[in-house]
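Labels run A, B, C, D and E following the written order; every chain starts at residue 1.
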Amino acid sequence: MEIGRVVGTVVSTVKSSGLNSFKLLVVTPLSVAEELTAANGPSSYVAIDLVGVGEGEVVLVTKGSAARVSDPTVPTDAAIVAVVDSVQIGTQNAYSKT
Amino acid sequence: MEIGRVVGTVVSTVKSSGLNSFKLLVVTPLSVAEELTAANGPSSYVAIDLVGVGEGEVVLVTKGSAARVSDPTVPTDAAIVAVVDSVQIGTQNAYSKT
Amino acid sequence: MEIGRVVGTVVSTVKSSGLNSFKLLVVTPLSVAEELTAANGPSSYVAIDLVGVGEGEVVLVTKGSAARVSDPTVPTDAAIVAVVDSVQIGTQNAYSKT
Amino acid sequence: MEIGRVVGTVVSTVKSSGLNSFKLLVVTPLSVAEELTAANGPSSYVAIDLVGVGEGEVVLVTKGSAARVSDPTVPTDAAIVAVVDSVQIGTQNAYSKT
Amino acid sequence: MEIGRVVGTVVSTVKSSGLNSFKLLVVTPLSVAEELTAANGPSSYVAIDLVGVGEGEVVLVTKGSAARVSDPTVPTDAAIVAVVDSVQIGTQNAYSKT
């Protein structure tokens, strides 16, 4: 899974019916080191929200068929499956939700 | 899922029969920030159209097995599953379909 | 799916039995813009041929589990599923099979 | 599979129920040559622990649907499936657990 | 599938039981052009051996769920499915097993 930050939303009227009941959120990947920082390489993507997150929150995103474990009829390849409370790297606290 | 723009079409006569009833569209990945811009890294690819889109439209593309949720017999790894109406990044409107 | 060009063949005697009845072709990814050009980043790979293609032909390749839609017993992650007749980008003809 | 080092942990209260019984570990990819070194390109990610590992250990991580072989109801795309005792490259010992 | 060279082995005692009966081999990706050369970008990874290969051999590796076609209970995302006898690029012999 990948750590990311929810930065926005997508609105769509014309879409596959399997997407109807989900929020479509824009997620920016975060690099995990002594702190969480914006990742350089990969760009943002869109994930469905399975846990109820707010904008700005740090989350875990699962990709591929894992995104459809709870509902195989949703045509998504990315799903937010957790809100991150804290990330500990070695003895250092890299992130804490405030 | 990935945000992209439909930029073209592929015509093919000799193909797997599972592809017969779908339009094959060329999609360019878009980078999502304060505006949508052409992504630098990845190049264009071909997706089937599941929602009925027009050239130039901004769309959501799902990849991998998610592209076959609605029809597991289609040998594709990419499908257009939504037309994007708008993208909101924080308090900013990054894109609106006009 | 990805647009590529068939540039060669692989011969193998010792292999998984599921690969026995397929040609193993070397495919070079092509970048799609106003013309099709050799892609800089990714390198060539090997795909099974599901449609009967010749060397030098421009093809569509599907990756991942999509490559096994027609036969789930073949241990491949890439399959040629179409011969490309033409690619149209906007009003421009980016490629035509001659 | 990929060789990585366990460098940290993620704590999450609000998450998909399928993740409940697993430790969420931060893994840094390692490059395999004459020695194991931190990989330059890809950044760290989060995997569930299937074998019981400790921080700092070198492990094998499997990605994609392979991460759900032992439990298809866990919405993860990465799982630690082995603790690495040693890596031999040619006649050279690239790594030994001490 | 990807062409690679077997360059080493991984030994692991503590691992998922599904991995028990397989050799874990380190594979370096090869670039395919007029000759096979070490690929610059991607680093080595670990694959199970399904065909019985020796160190130094050039092989075909399949990734993702394709690696589990012959045994869906093995938690791997990479498997060696063929020993490469020769690679022909156009009229040129890029590789021959000697």
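Note that a residue touches a chain if its C-beta (ideal position, glycine included) is under 8 Å from a C-beta of that chain, and two chains touch if they have at least 3 such contacts.
Quick caveat, the model's predicted, so the values are computed rather than measured.
J.: Setting chain C aside and leaving every other chain in place, which groups of chains remain linked through touching?
T.: Minus chain C, contact groups: still one piece.
J.: Hey, how far apart are chain C and chain D in touch steps, shortest way?
T.: Step count on the best path from chain C to chain D: 2.
J.: Looking at where chain D touches chain E, is over half of the residue numbers used by both copies, so same, or under half, so different?
T.: Here the answer is different, because the shared fraction of interface numbers falls below one half.
J.: Could you report, rounded to a multiple of 5°, the rotation needed to superpose chain B's C-alpha atoms on chain D?
T.: So the copies are related by a turn of 145 degrees.
J.: Need the CA-centroid distance for the pair chain A / chain E, whole Å please.
T.: One centre to the other, that is 32 Å.
J.: Just the number, please: Cα centre separation of chain B and chain C in whole Å.
T.: Centres of chain B and chain C (C-alpha means) sit 20 Å apart.
J.: Name the residues of chain C that each touch 2 or more other chains.
T.: In chain C, 41, 64-65, 67 touch at least two other chains.
J.: If every chain is a node and every touching pair an edge, decide which shape results: line, ring, star, complete or other.
T.: Shape of the chain contacts: a ring, since each chain touches exactly two and the loop closes.
J.: Put in order round the ring, from chain A and then through chain D, what are the chains?
T.: A, D, E, C, B
J.: Spell out the part of chain E that touches chain C in their complex, as residue ranges.
T.: Going by the criterion above, the answer is residues 1-3, 29, 31-33, 39, 41, 50-52, 60, 62-67, 69-70, 79, 81-90, 94.
J.: Under the stated contact criterion, what part of chain C meets chain E in this complex?
T.: Residue list for chain C touching chain E: 7-16, 18-19, 24, 26, 41, 43-47, 55, 64-65, 67-68, 72-78.
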